[in-house]
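One structure, as structure tokens, below. Some questions next.
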Amino acid sequence: MGRTRRIPLPALAATSLVLVTTALAFVFFVAPNDADQGFSQRIFYFHVSLAFTAYACFAGGAWNAFRHLWKRDPRSDLRSYVCVHQGLIFGTLVLLTGSIWAKISWGRWWIWSEDELVLFLVLYLFYCAYFMLRFSVDPGPQRANLSAVYALFGVVLIPVSFAAIRLAKSLVHPEVFTLHGPNFGGWILVTYCIAQVAMLVLAYTLYRLELGAKRLDGRLRRLREVLA
Amino acid sequence: MLVARGLGKRYGEKRVLRGIDLELSRGGFLVVTGANGSGKTTLLRICAGLAQPTEGRIERDAERAQVGYLAHEPLVYRELSALENLELYGRLYRVPERRERIGMLLERYGLWDVRHDRVADYSRGMTQRLALCRTLLHDPALLVLDEPFTALDESGAALLDAQLAELRGERTLMVSTHDPGRVASLATARLELAA
Amino acid sequence: MTYARDVGALARKDLLLELRARDTLPAMLLFVVSTFVVFHFSLPAHPSRLAASGLLWVAILFTALLGLGRAFVPEREQRVLDGLVLAPCDRSAIWLGKSIATLAFLVAAEVVALPVYALFFRPLSGAAVLGVALADVGICAVGTFLGAMAVTTRARELILPLLFLPLAIPIVIGGVGSGAADSPGRYLGFLVLYDLLFAVVCWASFEYVVAE
């Protein structure tokens, strides 16, 4: 069972706690107010770092999917699933924070003209379908294969959707609503970096937590079967 | 021809096979028996190459083109005729002199007169005979037959008996059956699966 | 070129099956025309070029889904897919043959649907028709692939729209654009790109969908 050089979970959890607290502190107390939007644009730090984290999770899911299909690594299927699951959790937060940001900035709960948000929505729907697929197939090699292939499709979808959404903008009369982040520099950059690292570490912690729980669950079931 | 060591198969958390060893040499005839639910079909699927074991190893000295598998289901299109089905498989398996071979098999198994009829209109016995034709079409070196006598009437069973006797020694056979007595005289080895 | 012959044999089999059953194509035709009528009542009169293009694509997409849901049903019955998977041919040939046949049905349905659309709403430009043709390739390639996946699940045809729609969004954008934009070239180019990219991905990964 040699898990070489793996960071123990309690240490990871503690680190996340520290980092998230630090990030919160920086976002609310250290970073300067934005000239246009004032205090309300603080949510930008979370929204962008969450989005990047979610993308990282989906990318992790796709990478493990690839490993499952190519290398036949038996642990990759579960890893891929947990990555995608985390991606969806963080993705939900992305959409929520995006919506809040839109409400703060423009008074509407949703904005179609913000490319990244729309792209994210499409991907979110895609990975929700991943879940429906996964729950609709009995556990086994087939479920692992189908999930892996679908996860890889998701990664291909990212640039394609991005290009498509950009194209779509010239069809519709462009709305004037956009979500501007503040100009990067100085403390803003520092705050963002802290927030980003915090989110990534948090995601990894939750990933390890869920992965461990699922593995334990599997082992327990197998044990029960042997004893039966 | 076929060697398996410590074969096991699990679907999710449900274990279907455990610790199977078997060795089938070229020209051999292995009979697989066991109660319902003992995993015969799963074992045969693995041996035919349709499923991968979750534990253990299996080595098969035959490519896909040399394997003939008779499943529980006939694996034919119900809306097509016998001829159309065999034509399709004949093409996919690149059977040489396809027309002649199809004709020969259909005649032998008494399906020549109904060759243009939809498989959906066949009786179960006739469908089983067609499934046998499909399995034998490309003259495979390794034949994996899952309860081949199912649904066959007396004449059909007699035809199959004759076919098996003919193939014995020339081809390698793996047959699962509920009625081991039927093929006892032909078998060179026997494997019993516990539930 | 045995690969081409395998694909041909499989595509011919699918066309033959549909010719016998004669249920999918008529259903698609009736569905698409009925959908147009529903749109007439559910949308304002004289829709703009953009709106009209949009509703054409909604109709095409859902008509395609109707046909795609049925694509692998004959293989699911009696587990015929096992028989095809056992055959020595490349597994991707199964996908390609089925896609070609499905494409034929979709085009056949559109041969009726597009003139009806022009009759009910507004005439179609050449670019729009080309957009439809290019999008059809993408729809059939991806849809057939996902159809094979869907058919192995418990939810079966129910899950196909869920899997397909996010992937279809870029197609719809490309199609609507080629019908409604002032310079449709970009959109047509995008559709070509989509088709190539996803066709390659489908072709390379179909093996994993049908074999363990």
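Miscellaneous remarks
Which chain is which? They are A, B and C, in the order written, and residues in each are numbered from 1.
Criterion: a residue touches a chain if its C-beta (ideal position, glycine included) is under 8 Å from a C-beta of that chain, and two chains touch if they have at least 3 such contacts.
Just so we're clear, the structure is a prediction, and the values are computed from it rather than from any experiment.
Interface comparison, A-B versus A-C: the pair with the greater number of contacting C-beta pairs is A-C. With respect to chain C, maximal separation of chain centres occurs for B (centres as means of Cα atoms).
As a whole-number value, the distance joining the C-alpha centres of chain B and chain C reads 36 Å. Centroids built from CA atoms put chain B at 49 Å from chain A. The centroid of the Cα atoms in chain A and the matching centroid in chain C are 31 Å apart. Residues of chain C in contact with two or more other chains: 212.
Multi-chain contact residues of chain A (touching two or more other chains) are listed as 138, 141. Across the assembly, chain B contributes residues 51-52 that each touch 2 or more other chains. Every residue of chain B that touches chain C in the complex is listed here, in rising order: 48-52, 63-65, 67, 69, 71, 73-80, 84, 88-89, 91-94, 118, 134.
If you check the complex, the residues on chain C that touch chain A are 50, 149, 152-155, 159, 162-163, 165-167, 169-170, 173-174, 176-177, 180-181, 186-187, 190, 193-194, 197-198, 201, 205, 208-209, 212.
Chain contact summary for the complex, chain B toward chain A: residues 10-13, 15, 51-52, 54.
Interface residues of chain A, counted against chain C in their complex, comprise 69, 122-123, 125-126, 128-129, 132-133, 136-138, 141-142, 145-146, 148-150, 152-153, 156-157, 160-161, 163-165, 167-168, 170-172. Here chain A touches chain B in the complex through residues 138-141, 143, 218, 221-222, 225, going by the rule given at the top.
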